[in-house]
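What follows is a set of structures to go through.
You will see subunit A twice below: alongside subunit B first, and alongside subunit C after that.
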Partner chain A sequence: MEYRPVIGLEVHLQLKTASKIFCGCSTLFGASPNSQVCPVCLGLPGVLPVLNRQVFLYGVRVALGLQCKIQPTIVFHRKNYFYPDLPKGYQISQYDLPLGTGGHVVVPGTAAAPGTDFKVRIHRVHMEEDAGKLVHRPEEGYSLVDLNRAGVPLLEIVSEPDLESPEQAHEYLKTLKGILEYLEVSDCDMEKGSLRCDANISLSPASADRTAPPTGTKVEIKNLNSFKAVARSLAYEIKRQGRALDAGEKLMQETRLWDDVQGMTQGMRSKEFAHDYRYFPEPDLVPFAVPSEEIDRVGKGLPELPRQRAQRFVDQYKLPTADAVALTSSRSTADYYEACIRLLPKGKEASPCKAVANWLLGDLAREMNERNVDGIEGLKFPPGHLVELVDLIDSGKISGKMAKEVLTEALQSGQSPAAVVQAKGLSQVTDRESIRAAARKVLEEQPQAAADYKQGKGQSLMFLVGQLMRKTKGAANPGLAQEVLRELLENR
Partner chain B sequence: MTVRDIQILYEQKEASPSDVVKTFLDPIEEREPKVHAFAWFDADRLRDQAKMLERMSNAERGPLWGIPVLIKDNICVEGVPTTCSSKILAGFRPPYSATVVERLKRAGVLLLGMANMDEFAFGSSCEHSCYGPTRNPWDLTRVPGGSSGGSAAAVAARMAPLALGSDTGGSIRQPASFCGVVGLKPTYGRVSRYGLIAFASSLDQIGPITRTVEENALLLQVIAGFDPRDSTSADLPVPDYARSIREGVKGLRLGVAKEYLGEGVVPEVRQAVEAALDQFRRLGAVIQEISMPHTEYAIPTYYIVATAEASSNLARFEGVRYGHRAKPGRDGQTMLQMFTQSREEGFGPEAKRRIILGTFVLSSGYYEAYYGHALKVRTLIKRDFDRAFERVDCLVTPTAPTPAFRLGEKLEDPLTMYLSDILTISVNLAGVPALALPCGFTKSGLPMGMQLIAKPFAEETLFRVGHAYEQATDWIHREPML
Partner chain C sequence: MGISAKDVEYLAHLARIQLSPEELQRFSGQLDEILAYVEKLKKAKTEGAPPTSHVLPLTNVFREDKLQPSLSNEAALANAPSREGPYFKVPQIIDPTS
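And now, the complex of A and B:
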């Protein structure tokens, strides 16, 4: 049978406030275990939480950035369960009155269907505290508890089940991360755990009405450590669930863990998560009304978001929409791009604007991918270097082909492109006489091709140009080479 | 010795804090074995504190300089065992002090020790303590009330001039009544709860237990006020209680609610309160009858709200970070076993009963029927008080329906025990302040108490009314024979 996947994603975002959500402890990542704790986040007897105002303001910022409505009254709830990394025996979270509701994200089309935007509705955005971390020592027979992370502020961003494929899920996450980076409220670093994602997936019959509530059995996938893992695990689940349904099996509503090495999900023992969280309003925090002026103020302070910026790039830099969207999906790339534009010589930006974009989306993107660096800053190739590279080509000092070599070398050595060109003697040969000398040699060596040209086979010229480029090891200016060759052939 | 007596000695340089410590060590040594009011006491540490105080310059000396204060065993004192009189917190010494303790230290007090209590403040008799029961100084076969039984008994037995208790459903007022002393449950938010080991967060308040109303005001003055560490504390100025305390009751409207004098209130107690009303009339107050129609729902409402919050508040005691941890068996111990065995061994029967009750009322499928409903009734009870205070300045009720009962009398019957708080718990549900003070003695010589209730943040009214009554009567001059 044909199925339509129904996918929703839950993203946990660590907010980069200086201090924790309910106490003054530092939120710095990587400190020695239990060095960033106090009676409050240790859950000692008698302590009380006090809400960090910045967490609330960041929360409003994100909720507004995701087009949510803000809850008029802020209420926290206790989510009760026992676990050694949860010092109080409950997590302070939000329950039936989340900070933001009813938002959406517009995701630019996937690679499979470029240019077709789709909308993912945001069900809710809420504030909560993070738990600590367990370090298991199976050989020694014990586990250690590190509570540095306990009380670090989190936003939970829950999408509606609007996604229909692993690719859409991946693009949604990319878009969401882009927006969150623009909002400057989090490092959005999946490796450090400042951005985490759980997925929910069920299958509906392909013929089922999209507007009706989904009927499939929902499976939650945890332990997803990258966007790629999210997509892979969803693809795996679609297959697994599809096969099971085809075989007439009944699926279990359960939580499954993704194993990235084996490339499969595995069911958790259901006992471990069969919780009744016994939510009730947190009596230690007084509900408070959110003044609408406060929301307005945060709203006015929102930065230009990716979609708006992409539109501006189209208008201002005359870029194709696809380029503009690609450049602006990551804030650091877009900032880099605009830093380059500012460095371009005044009055002649038009063509370099496109050239800079091409380099960023082409070679530099590939380099980032190959070197596995996160963000353009990781390449150690400042905007000035890219502008220099583009200028070297533009002024004919090097060819496009040589430029790729120069780039590789510059990235390796950290030298500027101009310095690389100088050091390697890579400058393009634009001297007509030396090209003419080389061209004569080529014509001597390839009499047949020269004769063919004479007899009207125009394509022989390109062959000869290629030979000339080979002889000069690519240093000859290709345009000039062609011109000189034609001249020699015609004057024979 | 009263607080004033001690202060006069200091002012006239006739005694030092070390001398005062000595004068309290004797009665403590003599009476404590009989009364058993302390959960922790360290004479050497007390002497050291006195010496430290003596080194202070006059400018550094706070308003309660050199006055001994006993702290209930659920209020954290840095470095001092603070255990809620529970095995599960055996040996726990907090690395920080409660805000009230910080304020007391700044005021210059001598921290006398920790007072025995019902485990986690669950109880009305001070029998549910891992240290054994406290006894009533007026009759050692009787309970001192609870849960702040140790605090009230120590003040009554003259082992401490001042004490702190905590009150969630009557835990300051009922023992004050049983022991013939003065106890205040301040308005919710008047005193910081930071460092008070929570029983029911929306009901708990720390308050003073003293011999006189004036001393009570003095102690509240020091501990009251906004605390940025407690989001539920009120950001309101604290009035100077001493200034208005002598203004008398002439012209004040005092309300009497029939719901508080119904069946269950024994005749002697009712007569004592009626006599007190006559006294108020003679002092020029106007007595009005009013109605508090939702009083009968207070007990079920309270036992849902309080146990629900308690079940969550007590979840942190699982042996991972502090307190009692069960030893692994021969086959080792799983995480779940560590949790359940530690709690099984560490909590007493009443604590377990309340945790189970609270867990049940919050369970999915039951939440609306119990907790959700209780919150609505709580609003109605609060409204009763709002309406009453449109007509009167202060309500007068008995504090407890009976005088102190015998040890063991209600231990096997939790429901009867719960009913001994019937007159005090509405006050916590409504968040209003209430003062309990002695209003007579039974024929057999047991103290009886009267409760004054005012609108939120009107502790001034309570002190004023209480002080006027105290001045017109001589109950506070009686002492238990020990």
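And now, the complex of A and C:
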């Protein structure tokens, strides 16, 4: 049977406040175990949590950035369960009166369908505290607990089940991460765990009405450590669930763990994690109702977000939409791009604007990938260097092909492109006489091609240009090489 | 009314407390009485009274995002029944991520 996947994502975002959500302990990552704890975050008797104002403001910022409505009354609840990383026996979270509801994110298409925007609704955004960290010693039969992370502020961002494929889920996460980076409320670093994701997925018959509530059995997937893992685990579940349904099996509503090495999900024995959290209002925290002026103030302070910025790039720099979207999806790349543009000589920006974009999205993106660096800063190739490189090509000092070599060398040595050109004596031969000498030699060596050209085979000219470039080791200016060759052939 | 000994057993499991069969019986009766009282409260006229989650007439109590000294590692672990180095040490629990 044909099925349509129904996918929703839950993202946990660690906010970059100095202190924890309900106490004054530091949130710094990587401190020695149990050195950033106090009676409040240890859950000792008789203490009172007090909400960190910055957590609330960051939360409002994110909720507004995701087009949510801020709720008039915001209440914290206790989510009760037992686990050694949770010292109080409950997590302070939010239940039926979360910070924000009813938002959406517009995702600019997938690789398979670029440019076809789709909208993902945001069900809710709420604040909660993180749990501690466990270090397991399975051979010895015990576990070690570090509570430094207990009480670190999190935002949970829950999407509606509007996603229909692993690719859409991946692109949604990319877009969401882009927005969150622009909002400057978190490192958004998946490796450090400051951005985490759980997925839920069910299958509906492909023919089912999209507007009706989905009827399939929902499976939750946890332990997803990268966007790639999210997409892979969903693809795996779509196959697994489809096969089971085709065989007439009944699916279980359960939580499954993704195993990235084996590339499969595995069911958790469900009794070990009862999903009965007995939520009740947190009596230690008063309700929150924020005056609309304060919310407006946060709203006015929101930065330009990726979608608006992409539109501005199209208008201002005359870039194709696809380039503008790609450049603005990461704030650091977009900032880098605009830093380059500011360095361009005034009055002649039009063509370099596109050239800078091409380098950023082409060779530099590839270098970032190959070197596995996160963000353009990781390349140690400042905007001034890229502008210099584009200018070297633009002024005819080096060819596009040479520029690629110059880039590689500049990245390796940390030198500026101009310095590389100077040091390696690379520069394009634009001297007509020396090109003519080389061209004469080529024509002597390739009498057949020369004769073909005379008989009207235009394409043999390109062959001869290729030979000439080879002879000059790529140093000849290709336009000039073609011109000189044609001249010599015509005058034969 | 609705609370059976089986319900109490489930709740006891969630709360990780062990109850004897007699206690299960006794508590299911007591919980029943509490719920009956809640039923009575439900009949009170509450139109026009907004739902409340807190008895104090207070809202928007914040603290600023300022660091306060934490406990020393020794103080934090002082009451721990078991420790290893700077860590609390606990019996092995089933790990939901392995």
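What we mean here is this: the second predicted complex is superposed on the first by the 488 of 492 C-alpha atoms of A that agree within 3 Å, B and C clash if a C-alpha of one lies under 4 Å from a C-alpha of the other, contacts with A are read in each partner's own complex, and residues count from 1 in each chain.
Everything below uses one rule, namely that a residue touches a chain if its C-beta (ideal position, glycine included) is under 8 Å from a C-beta of that chain, and two chains touch if they have at least 3 such contacts.
Please read these numbers as outputs of a predicted model, since none were measured by experiment.
In the superposed model, A:266 lies in contact with neither subunit B nor subunit C.
By the touch criterion stated above, A:321 is placed in contact with neither subunit B nor subunit C. Looking at the shared chain after the overlay, A:24 reaches subunit C, while subunit B stays out of its contact range.
When the shared chain is aligned, subunit B comes close enough to touch A:46, but subunit C does not. In the superposed pair of complexes, A:351 makes contact with neither subunit B nor subunit C. In the superposed three-chain model, the partner touching more residues of subunit A is C, compared with the other of subunit B and subunit C.
Judged by the touch definition given at the top, the superposed model places A:408 against neither subunit B nor subunit C. Residue contacts after overlaying the shared chain place A:253 against neither subunit B nor subunit C.
In the superposition on chain A, no contact is made by A:116 with either subunit B or subunit C.
When the shared chain is aligned, subunit C comes close enough to touch A:34, but subunit B does not.
Subunit A residues in contact with subunit B (one complex) as well as with subunit C (other complex) are 39, 42, 50-51, 80, 82, 84, 141, 143, 145, 276, 278, 283, 285-286. Of all the residues in subunit A, the ones that touch subunit C in their complex are 17-19, 23-26, 32-39, 42, 50-56, 75, 80, 82-84, 97, 134-138, 141-147, 222-223, 255, 257, 268-269, 272-274, 276, 278, 281, 283, 285-290. Here subunit C touches subunit A in the complex through residues 13-14, 16, 52-54, 56, 58-73, 76-77, 84-98, going by the rule given at the top.
Of all the residues in subunit B, the ones that touch subunit A in their complex are 74-76, 82, 84, 89, 92, 94-96, 98, 193-198, 200-202, 228-232, 308-309, 311-312, 314-318, 320-322, 332, 335, 339, 359, 362-364, 367, 371. Subunit A makes touch with subunit B in their complex at residues 39, 42-51, 78, 80, 82, 84, 87-90, 141, 143, 145, 276, 278-280, 283-286.
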